[in-house]
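There are two complexes below, and they share chain A, which is joined by chain B in the first and by chain C in the second.
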Partner chain A sequence: MIADDAPYRGALRLRRRALLVAAGGAALFAISLFRDPGRALAGYLGGFAWSLSIVLGALAFLMIVHTMAATWPVAIRRPLEAIVGTLPLFALLIIPLLIGMKALYPWMRPEAADEHLRHLLAHKRPYLNGGFFVARAIVYLLVWNALGLLLRRWSLADDESPSPGWKLRSRLLSAGGLPPLGLTLTFAAFDWLMSLQPSWYSTMYGFYYFAGGALGGLALLVLAIVGVQREGHLVAVGSSHYYALGRLLLTFVIFWGYIAFFQFFLIWIADKPAETSYYLVRLRTSWRPETIALAIGQFAIPFLLLLPYEPKRNPRFLWRLSIFLLVMHYLDVHWLVAPSVHPSGFSFSTADLGGLALCGGLTAALFAHLLHGRPLLPRNDPQLARALAYESR
Partner chain B sequence: MMRRGLLAEFPTGDALIAAVRALHQEGYSRFDAFTPYPLPAVQRLLGWRRSRINYIAAFFGLSFALGAYLLQWWTAARDYPVIVGSRPAYAAPAFVPITFEMCVLGTSLSVLAALFVIIGLPRLWHPVFAIPGFERATIDRFFLGVDESDPYLDRDRTTRALLDLGALRVSLLGEEAPPP
Partner chain C sequence: MNLEPAIAAPVLIGRPSDEALTTQLLEPMWRGYTRRFVLALLVTAVGTLWLLFAAGYTVVRGIGVWGNNIPVAWAFGITNFVWWIGIGHAGTFISAILLLLEQRWRTSINRFAEAMTLFAVMQAGLFPLLHLGRPWFAYWLIPYPATMRVWPQWKSALPWDAAAVSTYFTVSLLFWYLGLIPDLASLRDRAPDRARRILYGIFALGWRGSARHYRHYRLAYGLLAGLCTPLVVSVHSIVSSDFAIAQLPGWHSTIFPPYFVAGAIFSGFAMVVTLLIPIRRFFHLENVLTKRHLENCAKLLLVTGWIVFYAYILEFFLAWYSGDTYEQYTHWHALLGGPNAWVFWLTLVCNCVVPQVLWSQTARTSEAILLVVAILINVGMWGERFSIIVLSLQRDFLTSSWRIYGPTWVDWSILFGTISFFSFLFLLFLRFVPFIPLSEVKELKSELVHEETGHHP
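After this line comes the complex of A and B, so read on.
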């Protein structure tokens, strides 16, 4: 057994490998940029939106945990905080998107649009214009970074100078920060993803993006916990903690399925031309198999696997399922981005792979870097003893 | 659920858990506990298995869902095809909300009914109601019962043991006759 109130010394191999993956991704991205800048940026956007949604899902979970003063998550808060600590990276990762926005977003070049769309874009111009778009992106990233970095810093400060004040501050910031997080997340999804198809809109869209991200954040948290446990850390985290995480995974599988179905359902039953364009591309072209794969892979399979009692307590099972869920969540984000820029039919290019490897690799490397060198348990948290003794049947 | 024996009142869940552990060590085996919220440690010491009610819920939930889907398919798509808003008669997405809601309804009704059968409700009177202050078992007090049938039970010795373990008071359960 290794004491978890001493600084953690692992994750170096993960950091090295993730950096290698990111380097490979950067090379692929550079090659695809020369071939087709618009498609390359769309691939990059997919990797960016995938990584970001996972981190924001983890941030929302951390803030809910703080707001409710929940007990058991205290035992797994440090890996969660390491995920959230990667947020500053996204302020850098967004730069290629802001530089290349003209190649990526159709509303930046209304002269290329047909007459109907040009009319719509003129109408939407007060919101969809370059300057305001960049300003909003800065606001979103400032809000997220302020929330994530302060929560992590205050938690680490409690290790050095124990005081109940740190936790109270975290609780107040989380409770006050959840509404701004919800709004910025929704509008970021509108701006960065939904506006790829500027004639189409859905008020459900932000929710949809968050639901998948929350699922991804929980899946990554499971991977992090099982990973450090395999090195002999966090031994007090037991089957009851996994049961709690497994229940949350099931909840968000259902939540995502519910949001995804009802967004489709309302548009399908109303059958208005302006709204159906989004699903026509995804259901009446060769994008159809990916749509069906998503419904089965991100809802039906994990739902049925997570329904029984025993698997939710089993770390080996949750580890495998979490990897599967992260892959499905990437497919989900790819499904949001790629059909909008490539409506003629299915496309998975080196640009997609490059963007995924670059953004995902850098995020994983920074996550490993942040996990390394700090204790894996918040040793002075007054709830820690009860959190470790948490039991649920 | 025990009807006769000793009933000890504890101020905290931890005190009750410690008392169950100590009595278990001494050889007592037939307990019952009444607490405001579930205490998994006590459930384990009492040898309670996890409830199997989830299988009942799954069976009825899936049956209701299947029944609801088939009913819609038969009435709207097969027996008397109805065209609504130029959609096909067999409009599967439109069947999903009812299917889902009937699944929820079947699950909740069957769980409620099964729960009543399993725990023996409705029951108008039980010996614990004769103990003054027992209603706090649903608020902030933790009651531990030692069943009369426990071969280890000796009223005086067990009462003293319970008080030593931190019980606020120990009452005799099942001595009063039910009210006429």
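After this line comes the complex of A and C, so read on.
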């Protein structure tokens, strides 16, 4: 057993490997930029939106946990805070998208649109224009970084100078920060993803992006916990904690399925041309298999696997399932991005792989870096003893 | 900013013995009728009779006695239906979801919240029946093997509603009754006379409180909680589909299912608070229904209120963003400035502005403030459904078919009649059934004692 109130010395191998992956991704991205900048940026956007959604999902979970003053998550809060701590990276990662937005977003090129779309774009111009787009991106990133960094800093400050004030401060910030988080997340999803198909809109879109991201955030958290446990850390985190995480995974699998189904169903049954265009591309072209794979892989399979009692308490099982869920969530984000820029049929290119490896690799490297050198348990948290002793049957 | 650590109020004040708890919580069942109680019962009974009269008048004379017109073919009837069914959701949320989330504070309030669900769903069920015009054909909604080969139209939301609501009622009733069994046995054992001993004895199904009984009971309770959980979400998602599957601007919006579910829980908790505060006062239950219960309900009001607020923001933004003339007209003109638009403004104030006082802990723990907020939210949530239904229909696609809606005395009679009927049923419930779950409060108490002292009492 290793004392978890001492600084953690692991995760160096992860950091090294993740940086290698990111370097490979950067090379692929650079190559694909020369071949087709629009497609390359779409691939990059997929990797960016995937990594970001996971981090934002983790941020939302952390804030909810603080707001509720929940007990058991105190035991697993440090890995969660390390995920959230990667947010400043996204202020850098967004730069290629802002530089290349003309190649990526059709509303930046109204002259290339047909007459109907040109009319619509003229109407949407007060919102969909380059300057405002950049300004909004800055606001979103400022809000997220403020929330994430303060929560992490206050938690670490409690290690050095213990005081109940840190935790109360985190609680107040989290409660007050949830409405701004919800709105910025939604509008970021509108801006960066939904506007790829500027004639299409869905009020459910923010929920959809959040649902997948929250699932991804929880899956990454499970991977982090099982990972450090394999090195002999966090031994007090037991099957009840996994059970709680497993239940949350199940909840968000169902939540994602619910949101995805109703968005599809309401658009399908009302059959309005402006709305169905989105699903026509995804169901009537060679994108169809990916759509079906999502329904099965992001909902049916994990739902059935997580339903029984025993698997939710089993770290090995949750580890495998979490990897699967992160892969499915990438497929989900890819499904949001790629069919909009490549409506003629299925496409998975080196650009997608490059964007995924670059953004995902850098996020993972920073995550490992942040986990390293800090204690794995918030040692002075007044709820810690009860959090470690948490039992649930 | 106050940075003193906020200490949450306890879920149970004092550690009374099991004996004392039984005596305290069963006392309302044995006490004589007070004058105030009889008066309340009488007033609500008269209101219920008035409901019967108005419903009978509707059936005899036809739907024409309501204010409905074309294009406003759905008005008070569906507004009231959605309002009542939404109120029911908090009960199921408390009993099922909070149980699965291991939230202990649900213990004292789950019983009467479930009763509220049942009575609210009963009111809700009346409206689609009456709106059929010929309620004696209501059974056509059930897909029975009819020799006339009349089959429900599966693409209509009406059979979905029938299925969702009747499932909801059945499961809620079973859940409520199952939870009651140990308490009915306590009533049987404590009943002062033979008649009540026999009556409660029949309903207690031979409960002896043995370990084996409890084992089966726990299993069944957990399973029913699991079954109820999807119902909290599915019922109101289906109800929202009544609107969202149409093409009418103001109705067709993909966010409707989660938005309606949040709204339902929002209105339901408002009703829970509206009932909780007077009960707490009249029956002197401050030790069992503590400030913690008030505060937690208030927090849930704030959370669900924000989800509703979020949905309003998105609907208005995307109505503009869509570029669709009709979407823009309905949201930015009909809702904000058309006929009856004051209802929507009232909704905005009640649902979006008023709940913000709940950011303050003082407001969350003050009975008076909380009661006012809860009643205003009840009004706001009724107004929301009225706005969605009537304000959108009044101004549909063709200007030539536009018509303004105004309710008649029959509409008002049925609305207030259902409120009376609901209150009447609730008063009877307070009289005849333990409305604080005895066995669960005792169990909570022993858990608390166990945690404090480290050994079982």
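One rule holds for everything that comes next: the second predicted complex is superposed on the first by the 393 of 393 C-alpha atoms of A that agree within 3 Å, B and C clash if a C-alpha of one lies under 4 Å from a C-alpha of the other, contacts with A are read in each partner's own complex, and residues count from 1 in each chain.
As a convention for this text, a residue touches a chain if its C-beta (ideal position, glycine included) is under 8 Å from a C-beta of that chain, and two chains touch if they have at least 3 such contacts.
What you see is a predicted model; the values in this text were computed from it and never measured.
With chain A as the common reference, the superposed partners chain B and chain C clash. By the touch criterion defined above, A:Tyr309 reaches chain B but does not reach chain C. Using the contact criterion defined above for the overlaid structures, shared-chain residue A:Phe34 touches neither chain B nor chain C, since it reaches no partner. When the shared chain is aligned, chain C comes close enough to touch A:Pro164, but chain B does not. After superposition on the shared chain, chain A has more residues touched by C, the comparison being chain B against chain C. Once the two complexes are overlaid on the shared chain, A:Arg393 sits against chain B while remaining clear of chain C.
Once chain A of one complex is fitted onto chain A of the other, the partner contacts of A:Ile269 extend to both chain B and chain C. Residues 269, 392 of chain A lie at the contact with chain B in one complex and at the contact with chain C in the other. Interface residues of chain A, counted against chain C in their complex, comprise 69, 119-120, 123-124, 127, 164-165, 167-169, 172, 175-176, 178-179, 182-183, 186, 190, 201-207, 247, 258-259, 262-263, 266-267, 269-270, 272, 274, 392.
In the complex of the two chains, the chain B residues touching chain A come out as 38, 40-41, 43-44, 50, 54, 58, 85-87, 93-94, 96-97. For chain C in complex with chain A, the touching residues are 1, 3-6, 8, 100, 102, 155, 233, 237, 241, 244-247, 252-258, 306, 309-311, 313-315, 318, 321-324, 359. Of all the residues in chain A, the ones that touch chain B in their complex are 240, 261, 264-265, 268-269, 271, 307, 309, 391-393.
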